[in-house]
Structure formats: structure tokens, C-alpha cells
Amino acid sequence: SDDDGVSGPTMWTDLADAEDEDMQAAIAAYEEETGLELTQEEPGGDLDQQIETAIPAGDGPHSWIWAHDWVGRFAVREEPEFLYDASDDIDVDLDAYTGAARDAVQFDGAVHGLPFASETVTLYYNEDMVDEPPETLDEMVDIMEDFHDPANGEYGLSYPATDPYFASGFLQAYGGDLYDEDALEVTVDSDECKQGLEALETLFDYIPEDPGYESQIIVFADELAPFAINGPWELGNLNEEVENVGVAELPTVDGNHPRTYSGIQMFYFSSMLADAEDDTLDAITGFAEWYTTNEETVLDNADNHGFIPVLEAAVTDADLSDEVEAFAQQVDHGVPMPTHPDMDSVWEPVEEALTRVFNEDQAGDEALDQAASEIRERL
Amino acid sequence: MAEVTLDSLRKEFDRGTIVAVDDVDLEIEDGEFVTVVGPSGCGKTTTLRMVAGLEEPTAGTIHFDDEDVTDVHAKNRSVAMVFQNYALYPHKTVRENMAFGLKMSTEMTKDERHERVREMAEMMGIEELLDDKPDELSGGQKQRVALGRAIAREPEVFLFDEPLSNLDAKLRTEMRAEIQKLQKEFGVTAMYVTHDQEEAMTMGDRLAILDEGQLQQVGKPTEVYENPVNRFVAGFIGSPAMNFVDVDVDTTGDTTTLVNEAAGFELPLSDQYLRGHDLRDSAYTLGIRPENVSVIEEPKGNEIVTTTVEVVEPIGSDNYVHLALTDDFLARSRPDIKPEPDDVVGIDFDERDLHLFDPETGEDVFLREVEPETVAP
Amino acid sequence: MSWLRSAADLLRAKLVSFATAPKRAVVLMQRAVYDVRNGNRTALDVGASVAMTLLGFAMLLVLLFPLYWITAASLAEGTRLFNTDGIFPDPTTYNLEAYRWVIFESDFFFESGDWGYPTITLGGSGLLPIAFEWAGTDTGPGALFNSLYIVTVTIVVGFSMIVPAAYAFSRRSFIARKRILYGYVLFTQIGAGLSIATLVALYSLFSSYGLTNNLFILGLFYAAGAIPFNTWLLKTYMDNIPVSYEEAAMVDGASFLETIREIIIPLTKPGLAVILIFVWLAGWNEFIIAQTLLSPENYPLSVELYNLATEGRFQTPWTRFAAFANLFALPVAIVYFMAQRSVESGLSFGGMEG
Amino acid sequence: MASSTGSVGRLSQLREASPFSSRDWGLLLVVPGMILFSSFMLYPIFYLFYISLTDATFAGSVIGGSAELIGLDNYVQLLSDSQFWTSMSTTWLFVAVSLVIKVFVAVGIALLLNHARVAGKRYMRAAVIVPLGFPAIFTITVWRGMFSDARFGVFNVVLDRYNTFMLWIGEAVDTVVFFASVSVPQALLVDVPVGFLSGRWEAFFAYVTTEVWLAYPFMVIIIVSALQDVPRELHEAAKVDGAGYFHRFTTVTLPAIRRPVLFASILTGATSFQQFLIPWVFNQGGPARQNELIIVYGYREALNFNEFGLSAAILIVAIAFVGLFMYFAVKYGRLAEGVADS
Amino acid sequence: MAEVTLDSLRKEFDRGTIVAVDDVDLEIEDGEFVTVVGPSGCGKTTTLRMVAGLEEPTAGTIHFDDEDVTDVHAKNRSVAMVFQNYALYPHKTVRENMAFGLKMSTEMTKDERHERVREMAEMMGIEELLDDKPDELSGGQKQRVALGRAIAREPEVFLFDEPLSNLDAKLRTEMRAEIQKLQKEFGVTAMYVTHDQEEAMTMGDRLAILDEGQLQQVGKPTEVYENPVNRFVAGFIGSPAMNFVDVDVDTTGDTTTLVNEAAGFELPLSDQYLRGHDLRDSAYTLGIRPENVSVIEEPKGNEIVTTTVEVVEPIGSDNYVHLALTDDFLARSRPDIKPEPDDVVGIDFDERDLHLFDPETGEDVFLREVEPETVAP
């Protein structure tokens, strides 16, 4: 790959079309401003798999954009290393970002990237069906009850409920964590999580029978369900498809706010930067700094893509739209996804456990116990 | 075991654009062996297939004895057919091949079937082959198996579609005799298609000659040989083929003379030969068989005509002498008559061996339907 | 280029026959009616034919259901796969927007609206003394070009190895012939899952030899995978061609190469058509390895299609995906349609067994 | 008159492609393909085998070269993993079931589309193999959509309509049979929605259906080829022998297509064994890893659980199985027939 | 155009387990037409293929004139071959088929080639077929094209491998004449393989008879017919085949008598016939050709033996009378001799037509190599 391989700073992305356009515009603006060159590529497929193979082969990108949950997983890699500690190369003060974002980009004291947005899932509602968003789960259940009639193609809720990322809010509502990052323990079988699952199970009854994402989203998009639980990335689409969409924070469960996992979107600094020329290093870190600290960009992102700002200056700005505000609140209630590499082993067993419960193959408690023991076996 | 009657049988293909069989009437007696002969494409196979029930007649009927089988499905007719390439089931052993028809069309138990097959195989001399697959057999053996398979069923009617044409000359002669013997033994009615006139002549009780879908003549082999009804039959039956010479008729005076100016001969016909027939002054085609032509090595002048020799082909028992009289005039002479090429020889023949055909209709002018015996040599 | 012309002629003939098929169908029906009236065929007979044809048609409908379901989706509005009103989306909303997008906005034909053109430069470094350059645009060629390039390499290399080898297996005896052929047969089907099985091993090997991101090498790789199966297939076909044609050519004074060119190749056409389809598909459809080995600017259509499927974080833009897939399958469909007769006669595996 | 002098050297004879047998130059024609095949296919397999003997955990440790040889530990571990045995048995079941159905479906289609009474069969045959032209990733994703558990998933809609239709028939019968009350027996109705992807056997059924759909075109063209080669006279001989349609089918048609069907079965069977995309796209071999076919199992070990060495061992075992399968198939199916010197 | 000499030619297959051709010596004169005949599998094709250069001899040499071509590649020998199945290139038109050899082995321009092809086609009467593909031709037409293709090249040696065996009888006769005519016209040396002895007899200047890879006899057709060197040749040449009767020799007293007790005949041989040969008292095989057997319908008692008639087959020009004398004893008689089956008839033959073979070696006991003319009838 020496002849036609891309030289110069390269960044891999996997963005939606609209996001991609804005990113290209931002890069162009940056290049114009600084005279540096930056190549953005979209390798497609599973980005992590691409990185897994490309970096050891020396063909990896200098940076990529993804949520922060890969930080731990890649930070612990040795021979070869995957991430670059840029603490000495960046000029920006990390205090410029919110606390959660600050934590997210660091691992063992090293700075592996810069954050620019956060996201989580929250409640969408169809304003033509529901006057006021429900405050509590019970209220929500009452409303869903009114609408839920699957034989006639109507449902209470649209919610890919077996995906742990989506389900995390309710599972963790009672204060239990799926994975305790401080103690490095799997706590998915804690009593709190089991209680949380009970709450989740009440929702299982109101969603379409197929928990797959596409089967879920369609019923809200076709106005066959009053509620959806989903992330900001659907905001644009749903606004087009549903006449009056409202966004609110998730209803409380026994007075607890569901603690959804949030993801911090960030620029990763890859280990390719270690041997890179100074120009490249400057271009990459420079762009990340420029982008993440540019208040205008951050606010545009919030407006256009529902990106919740993680730049303190922007967060305190009152100009955010209602929708973004709702997401921001939900992020506040939630917790960042753990970055520890052990977390890689958590997702799947939990998803399988939820699927079993959803399919009524297993009781909730047992399912979580089984998941926990599977995870522990893996570790 | 059954008399087969074809009544105005007609078969068209491609919506009438091809008439393969054209109003054929034919009656085959119980136990009779009829050979059907004709050039390629004349409709032999089609006729046979209609009798077998593999092809539906466009018009006409087929009766087995008194039963109209025209619309009866092949599997319900009691016929057996030997195909040109035998059509043995390649994955079945000889035994299974032979037993299959019995299994399908009789109520026999397995043991009975096998007993019957064994008997047949013994009769055909193929007992040792019973467990072989058709692939392992030679042409003659395959032929026997195909025959055995057909006979085993004891059908009422036996159909053969050029069953010997894939065999070599030696084997062919052998198999001919075998087929005839078996047919007589079982007394089954048989219809045998071939394009080889020699085969047709030697095998059949009667001969049916087809051309362009139409039946030309039916009769005993010798009868057909001696009294062909038209030029087509005359030319088709007999090997080497009959010689044809275009002649004009000169009826000046009392005598009727056949004249060919190019070849330079005049042949007065006797009254006995003419039997009152009136030949107009017009063109005819004269036919004479090679074996009826005598070659006179040293012409004495009283021959009918003299001509030069082109080639002499010895075939051992006889010599074929090709003469320049017409384009391909052949005389079959004794092996001791061996003129050299380009020798001038005389030729002669008996008036009684002559045939005269109408050049337009092709019909034999003197057709002696009534008293065929009188002209037999 | 004469083969190009004959291919064009063939295509034209095929299209004409396809276009006139309805007319033939009508004639067929008229004849049936006529025949029934004239008593040439019974109504029952015609009825049986109609019933069988309808049965065939119904079966076709069932079998191809997924395809027109998805084609309907490609014509619908929006991007969702499901439709809560029934199986098919509302026909009044049908439009060609997705196809427009695939043609003009995706990377299918060209990137970012720039056509550009290919240039060939001779000399230079690298494996071959010929290099391809895409000129006239900064963005490089579209995915179609990359696909065609890969497939061309696969076919050219594949054929140049498969055809001689099949010939040798069929006509010559040499040491270890049986063993090699046996080995090939064993490996005919390992290729399929192998790509996933050995993905990482492959990547590490390719990258250690510096062969990643190289369309030519990828084409070679597909050709390699296609060799055992197709060699064996073609050999089976060649076995059925009488040797006497070659001998006749030899006696006619033709040299070995002339015999191959004038006799073997033309006579093997149906077999070649079959392996053309299979080799083509080997290079055309694979995406896992292509994605791993190539960088985005070199992605062929198959990878683009796969990326389209996984483009959204959680869901696929279905209308575009389906439209893309339909256009993607079109060349194969055309090639097959043209070669159908050959393919159907080129795939006989020795017929009946004894 | 082109004739050369008598003493043409042996070497030039070789070059001139001597027509005489028992010259080994034929090997030269085969060697390039073998080299290409070996370097791109065999070599990676050996490399994979090497990996299976190491403790590699990530793709990176393979490529980066930090893995260490640990002998056959991976294989030992594999054999003691119950999931391995589940995968193995599920895979074999999948191969067997889909194969049987494939054969019946393909033979049925081929017979119908070769039937004298079917008008326009050439076009139908062209159309029926269209699935061959689409990439598997696409069609499988589409099938995943059709098999949705949701009530509005295509198959559930179809089943729902079927239920409606049955009920309607029931009512109609009820109206006609006025003297008694008739209702449709429950056994004839389907409980919608069916969880195609959430039940073990439902998902298995969905896999099989999709696999059959993917493989039938190949089988159909092969069988059609074979059917067209059946001599018409054999059918006629059977007719004259008194055989009806069924017996003609068993004595003439079936033996004629047996071998091609066997070929196609072996080939597609081996492909089924390596099926990855269907389970992966449908539900990652779920529910609860119960339908994890062998390649999915290997893939998951490598990528989700970062056990690269183990994964390599799994895949080597899978390859060995396919090899073994092919070996016996070739041997007893006489796939290499005609290899015998001609 | 070339004399072809085969010298101790030998071909083994399968590492010597099959000896297809066994030390054959044969010289074919320039312009001569030699037919090679023998039963299936006797090595005819193999011999021909060695001459063509398609098969490498295990031992022995092949010369064209004085040039040793044993190791010359087929494409460099100036031979043309007509294959049994014609081997017309199915994807080429007739024109291209005929032009192909010219293109490969001459320097002609395209126009010259086409001109030549046109000439040839005219000569063969196939001008209208030039643009057809072989598939569209009938058997006879294919045959002509194959011939034309071979002739167009003006080879030195012409090889034919049973080119007529796929044609029907009529066409076969026609084509035979055509091939001979062409061969003479071009004066090319020709080797013609057939298993049909009649074909071999009529076509060849000389006849080579092969059996089990060994050359049995080479000679002019009549010579071979009249003086077969052994029982194999005697039985193979001639149709219908020679009759063989096992006899014992009784040399009591002065006379040597052939005796067959089962058939009940005694046949004293004249001294003239014996010419000093000493027949021991042992078994011999007597051979007599069907045409040399006279059937006497009303036996008068002075016949050699009387026997019963089995079947009479009329073939038009003659009748084949099957007699019960031995298993398949045949007499060929004039058509007017028509005994009924089971009639008792007498048979007679001339001593001079007898052949006597050694039952072990099969050799003719009296082989008259020196003066063949003396025994010609």
C-alpha cells in the first residue's frame, strides 16, 4: 500500500449523510483556515473491525470518530498499541468540556481524544395522540393501554427494548449498574437491576413483537404508537414522518429517573500518530481542538442533528431547542457508558438475557443471573 | 395375435404444413410379418409410432382386431416396440429391463416375472448377461436384450423401428434370421420398419413401400420385385438398382419400337409384350434390372446396342459392369465376364424383363395386376 | 472486437425475441382456440396446458416474491423497510427517486458528480508494466469501474488458467493428473466459507507483502478461489467433446495453438459460458474481503452495497439499498439472459449413469 | 506439400504439442492455476492453522506478531466447549434438512419448467434463477425483514390473511350447512404473530427456508440441463411397456437426473455447511446461541470474545469437516468420474 | 503422389497388454487405392492413425516415399483423413470447414482459398451448401463435405476410416463410386479402412485383411476372393459367407475321399485337384461359397448329397436357399429355383470350387500361391 496508500492525516468516520456533509464542510473550513490538509474516509462496515485489522498492519487512520465506549478497549492494547496519548500535544484545557465528557476521553490518565457531543435515548411522543408527556411510568402505561391494540396494528410504544444500550435506562433506574466500573465488577445480577428489569418488562408488553430496531421505529413513524424511545439520530427522520413530534425525558420509575447510558462522540487519536510527521499530528489534534471548541459548530450540530453539546460554554447557552434540551436533561440523569474493556463482554449476554425475557423463555431474575455468570466466565 | 388395420391413416405436423403420413390403408393379418420400407423421411417411423400410440393420428383409425384403438393410450395397447437405438433403461440390469414391461402390464408376481425373464433369456442366449447393465453389452447383445424385452411381454403386435441399422453387416445378417425365427415361433403380428430394401425383401411376408407419406405398393417381396407398380418402387427395390433409360416410342407401321437416339438403339416390341396396349408416340422411361442385362464381350452385331465399359467392379460372386449407355448403367454379370475399361461391348436383354414407365406419373404402363404369374421369368 | 459486435447482435436478438414474446403468446392462444373449434384438440387438452402454465406462473410468483417485494420497496417513499398497511407500499407513492440517487449521487457510477476517464500508462513500477490512472477528476472512478476492473482481472486471469488446465485434464495424461484433479474437487466448495474463515489470516498475509488496497491483486485472489470448481466443471464439459475434431484439425495441418483457437474454444462455448457466469459472480459479489483489503476510494459495488446496508447506525436506507441492489444485479441478469441456452446445455454432468 | 525432415528432435516435438499420449507437458498447463490457487487459498489455510496453535487474542496480535505458540491447547479447549458441539450438531442438521428440501423443491421446479404443457418455459426458467444474480448479503437482509416477528412482518401478514381466508371458508360452510354449527378447527389456523426469529425452531425454519431459496437456482439449472438430455425414446419405451406417469418418472426421469442432483447436492451441501450470513444477519445464531452455525461460532469467538487462536481452531475444524465431507462425497458420489484415463 | 511403406509396424496399448497392431508390413504404391478390412477391433483404425501421425508406433517405421515420417507430427505430414463420423467442425460453415486445412497448411490468400473451395464444391455438387453448418446437412452431404475438405488440400496420402458406415445402403453405393472416381482423378495414394467386406472388394485396387492386429493377406480383390490363404480370410471375404463343413479324409486305396458322416456325403477328390498334396487321415474343414452350390430341385441321385430345405429367402435377383446340411448352409441360386421349406433337394458343386482348411492353423491346404490363374473359374 505504499504507492497509492493515502498519505497525510486521515480520519475515518461512519456518519449519517447529513452529518457527513456538515463534517466535510467543517474540514474544508478548517483546511482553508489553517492550510493543513485532512482526509476524511468512510470505510464502511464495522468500523471497529476495520480498525482492528488496519492498525496492526500499519494502514490505520490517524483518527476516527466514534462514541467513547471504545476508549478502554483500545487503550489497553499493546504490541501494537492502538491509541495515542495526546496530553502533551493539545493546547485546549479539558475543563472546557463537561465532566462526563472529560472522563470519557481519558483512560489511566492519558488523553486519547476530544469529545464534541453526547447522545442518549429518551422519550419521543406524538403530540397528536398525547397532550402532555407522562411524568411517571404509570402514567405512560395508562396512555399506552389506551392505544395498544396489536390485532389492529396499533401499539403502545416503539422501543428496541432488548438492546442493552436502549434498555439501560430502566435497568439501571433503581441505581444498579450493569457493570460497576469503579469496582470492576459485573453487577447486572444486582437486586436493583432486577427491579429495573421488572419495570422494563412492563414496557415489553406494549411494543411490536419484533424487538428489532426497524420493526420498532416503523410503528411510531407510521403514527401507530404514541411513544417511542430512541436517540437523537432519529430526530430528523421522525420530524419528517410524524406531523407533531415531542421529545421529553424518560418517565420516572418509582420516582427514579431512568439512568440511560450516554455515549460521548469524540475524535480518537490513534497510535498511528506516534510515528506520524509533525504536520499530521498538528492537523489531527488541531482539527479536533478547533471542532470541539467551536461554539458555533457545536450549536449547529445540536440544531441539525440533535447532538447534545459537551462544551461547557455551549451547555450553559440557553439557545438550545426544546428537543435538544430534553435530550440534555436525559443525559444528565444518565451515566456515560463504561469504557473499561471488560464492558465488551457485557453487551451480548445482557442482550441475550433480555431477548429471552422478551420471548418469555425465562423469568427476569434468572435471565440476569445467567447473563452475569456468562460474563464472569468470559472475563 | 391380432390383426392390425390402418384405415385412411393420416398425420400432419406443424399445423398441416408437413404431411408425414398421407391416407395410408394397410391390413396386417394375424401373425403376419410386414416390412415397411421407404427412403428417409417418407413417414415410416411416424406410421409405426401411430400404431404404438406414441403419436396421435390427425385422421383415420387404427384397429387391433375389431377394437378401435385410435384413442387408446400407448400404455394400454398390447404392443411392444424395439427402438432403433434399443432404448434400454441404462440404470437397470438386463433382468430388470426385461421384467419392467411385465411388471407394468401384467399381474405377475415377482417370481413369475423372473421365471419368464429367465426363460426368454435362455431362448435368446443371454442368460449370462442378466445381471449386466446395458452399458456393458455389445451392440448385438443389446439388440437381443431389446428383443427379449419386447417378446417377454407377449404382446399382440410387435413393432420394430430400424432395429438393425446400428449393427455391422455381419451381425445384421445374423439378427435378421433371429428376429424372423422368433416372430414365427410366437406367431405374433409384426410391423418392421427399415430403409434398407434388402432387409425388407428378405424379412417380410409382405412388403409395404412408402414414399412421401403415401403407400406405393403392398405385396409379397417377389411380387413387388417383379411387378413394381411405378418407377419409384422399381428403383427402390432391388440392389443394385434398376437401370432407367429414357426412350421414345415410334409406332410407325405395325411395330411399336422403343428408340433412344443418343444411345443409338431401337427395340421393337412384340405384340405378345404389348398385349393390346397402345403406346402413343411419346416419351417413356424404360427400366431393366442389372441382372437381366447380358454383357457380350465380343459383340457380334445382333445385340440390342453396343456401348463402352466404364468400370468393372468384382464383388466375388459377380462382376458389376458399369456401362456408358446412360449416366449410370449397370450390368451384373458372371465373374468370368471381365471386360477392360473402354472396351466396346454389346448388351442384350429379354423383352420380358423390360418395364416401361410413364415419365410423368411414373406408373408402370403395362401393370399386370391380373395375372402376375404370367410374366414371372 | 468482432466478439463485441456478435455480443451486441445476440443481445439485440434476445431483446427482440423478448419484446415479441407477448405476440407469440397471443398467437399461441389464438391457435389453441382455433384448434379447439376445429376439433384438433379437445378443450380438456388445452385446459391442461393452461393449468400447467398457470401453475408454473404461480410458482414463479411465489419464488420471486422477495424480489418484487423489495423492488416495490425501492419505488416507495421514505426509507423504511416495513409497511404497516399491508405487504406492499401504497402504489400511488411510487417514484424513481432512489434510482436517481443511486445513479447520480451514490458512488455507483462516479464519485461526487465527476465522471473522469481511465487512462492507461505503460511502463512504471509495480507488478505490471501497465498502470491504470483515472484522469479528469480528483475523486477517482466510481465503484462500477472498480467492480469491472476487478471482474476483468478475475475473468482474464481465471480463464487463462482454467481453460488450459481443464483442457489438459480432459485431454492429456500426465503425472499426478488424477491426484491434482481429486484435490481440486475436494477444494471446489471450500472457497465459499473460506473467505470468512481466513479473513484475518489473509489480511495479515496481504499486508505483510504490501498487497493490500490493490484491485489487481484482489482480482487475482478471486480468480484463485474460482479455479478448482470451474476447472473441474469445464473439464467435465470438455470430456464430452469428441477428440476427433482435434485430430481432424491436426491432420489439416493446424498447430496446437491453432487447434485451441479454431476448434477447442468455439466448441467449448457453452461450457465457457457457464464458467463465465460463475467466475464473474466470484469477483462481482464478494464484499467481505474486498472491504478488508481495500481503502474506500477503491471500493467496488459489492462493498458499496454492503456499506449502504450498514450505513445508518441502526437501520438501512431501504429504498436506496434496494435500488442499488437491483442495478447491481442487472449486468449479471443481462449476461445470463444472453447466455441462457449455452448455460443450460453447458451444465450437463455426464447425463445418465450406467 | 509441407513436410519436414525426418529427424525432428524430441524437444521440438514437445514444443509442437505432440499428439502422442503419455507426455507430461500437460502438467505445465495446470501448474499456473495450482500456484495461484495455492498461494491465495492453501497458504492462508496453513497460516490459519498456525494461528490456531497460538494464543492470539485479537486480530492485532495475529498481525502484529505478538502471539505465542501454545500447541494444541485451543483444540483441547474447543472439544470441551459445549457450544462447539451444539454448533456442530446444529450445522449438520441445517445441512441435512435444507438439502432434502432443496432437492425436492428444485426437482419440482425443474420438472414443471421443463414440462411440455407449460408455455413460455424458457422465460420462466430465466426468471426463476434470478436470485443467483443478487448478492447474498442483500437477499438475506431482505429475508430477515420478511421473517420479522412483528405482526406486520410479511410472513405474519400472509399467515394472518390465511387465517382470515380459512375463517371465511368456515363461515361459508357454516352458512351452507345450516343444520349444524361448523367452525374451523384450530389445527388449521396459525397463531399469529409467529416469532420467526425468537424461537429456536422457528428461527431454524427461517434459516432453512432462506438457504433453500438461495441454493435452488443452481440446482434448477443443473437439473434442467439433465432433463434436456434424457432421450425421448426412453420415455416412449416406458410408455409402450405400459408405464404410467409415475412409473415413467421413477424409471426414466429419476435415474437420468440422479447423478446431476447428487452433484448439485454435494456442492450446495458443502456451501450450506459454511453458511454464515443467514444466521448472522437474522439473529446472530440466536436465540441464545442455539442456532449458531459453525462459522458463526468461530467468527463470534474471534470478534466478540477476542479468542483468535480458538477461533482459528474452530475454523480449521470446520474446513477439515468440509474437506472430509467432500472427500467422501467425491469418492462415493463418483464426482471425479471421468478422471480415469481416457 | 507418394508411396507409403509400413515396416514391421507395431502398436501396443496399456503398457503392452493390448497389442492392437502386430508387425504389419505393407507397401502402398503411388496412386494406389488399398482397402484395409477386418472385423471390429482388429487394429484397422490404429494402423490408419499411425499413418496419419495421430498415434505413435511402438515399433516399426512409416515411410512416405523415401522419407521416414515415423516421428513427424501429424500436422507436418501431407495426409488428409476422412473420419468415420466425418468430424466436420460443427461451428464452421461448409466453406470454412473446407478452407480450414488450406488455411493451416498452405500459404494461400483468402481469395485463393475460397476459389479453391468453390471449385471443389462444384466438383462435389455441394455449391449450394457452402454457407450451411454441418448440422443442417444430411448424411450424404456431410460425407461429401468431408471428402471435399480432404481433397481440397491435395494431400499426398488419403486416409479413410469407415467413411460410409453411417450411410444407408443406397447412398453408400453412390458414395463408393464417387470416392473411387475422385481418387483416380487426383491420383492420390489412398488407404481405406472398412469392416464391410463388400466395400473392401469393390473399392480397392488391393485388399489388406487384418485380424487380431496381424496382416492375413494382401492382394487384388478377386485374388483374395478366389484364393484366400486361410479360413479366416475365406470366411470374411464374400457375402453371403462361405459355407464350412467339417470333413474327415479317407485315403483308403487310391482315392482320397472327403467324408462327412452326419450329413452323409462322400466326395472323392481327383488327382488333378490334389496335385500331389498328401492329405493325412484326419479332420479338415471344407469351404464352399454359396454361389458355387447348385441346388437341384428334383434330386436324381447323382448329386453329392441330398438335404432338406429350411428357408428360402428371395432377394430379387437370386434366392438364398438355407439347407439343413450343416448349421447354416446356404446356397445362392437363380430366382427360378424356389423349393419349398422341408423339400428334399440335392446339392452339387464343382471340385474346383472347394477349399480345404487345416482345422488347427486355419491355413488353406492347397494354397496355390504360384499359379493363381490356373484355378480361376
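Of note:
Every chain is named by a letter (A, B, C, D and E) in the order it is written, and numbering of its residues begins at 1.
Just so it is clear, a residue touches a chain if its C-beta (ideal position, glycine included) is under 8 Å from a C-beta of that chain, and two chains touch if they have at least 3 such contacts.
Just so we're clear, the structure is a prediction, and the values are computed from it rather than from any experiment.
Touching chain A and chain D at once are the following chains: C.
Each chain gets a centre from the mean of its Cα atoms; the one farthest from the centre of chain E is A. The greatest number of inter-chain C-beta pairs in contact is found between C-D. Between the Cα centres of chain A and chain B there is a gap of 93 Å. Chain centres here are Cα averages; for chain B and chain D they lie 57 Å apart. One inter-chain figure worth recording: chain C and chain D are separated by 18 Å, centre to centre, where each centre is the mean of the chain's CA atoms. Multi-chain contact residues of chain B (touching two or more other chains) are listed as 90-91. Residue numbers of chain A whose C-beta contacts span two or more other chains: 53, 56-57, 153, 214-215, 218.
Shared contact sites, meaning residues of chain C that touch two or more other chains, fall at 81-84, 200, 203-204, 207-208, 247, 250, 253, 255, 306, 316, 352-353.
Partner chain B is touched in their complex by these residues of chain D: 231, 233-234, 236-244, 247, 251-252, 255, 258.
Listing the residues of chain C that touch chain A in their complex gives 78-85, 125-126, 200, 203-204, 207-208, 210, 212-214, 291-292, 295-297, 299, 303-304, 306-307, 310-316. Chain C meets chain E in the complex at residues 242, 244-245, 247-255, 258, 262-263, 266-267, 269. Interface of chain D with chain A (complex): residues 58-64, 66, 145, 148-153, 193, 195, 197-199, 286-289, 303-306. Listed in rising order, the residues of chain B touching chain E in the complex are 39-40, 165, 168-170, 173, 195-198, 201-202, 221-222, 225, 237-241, 289-291, 311, 313-318, 320, 322, 328, 332, 335-336, 377.
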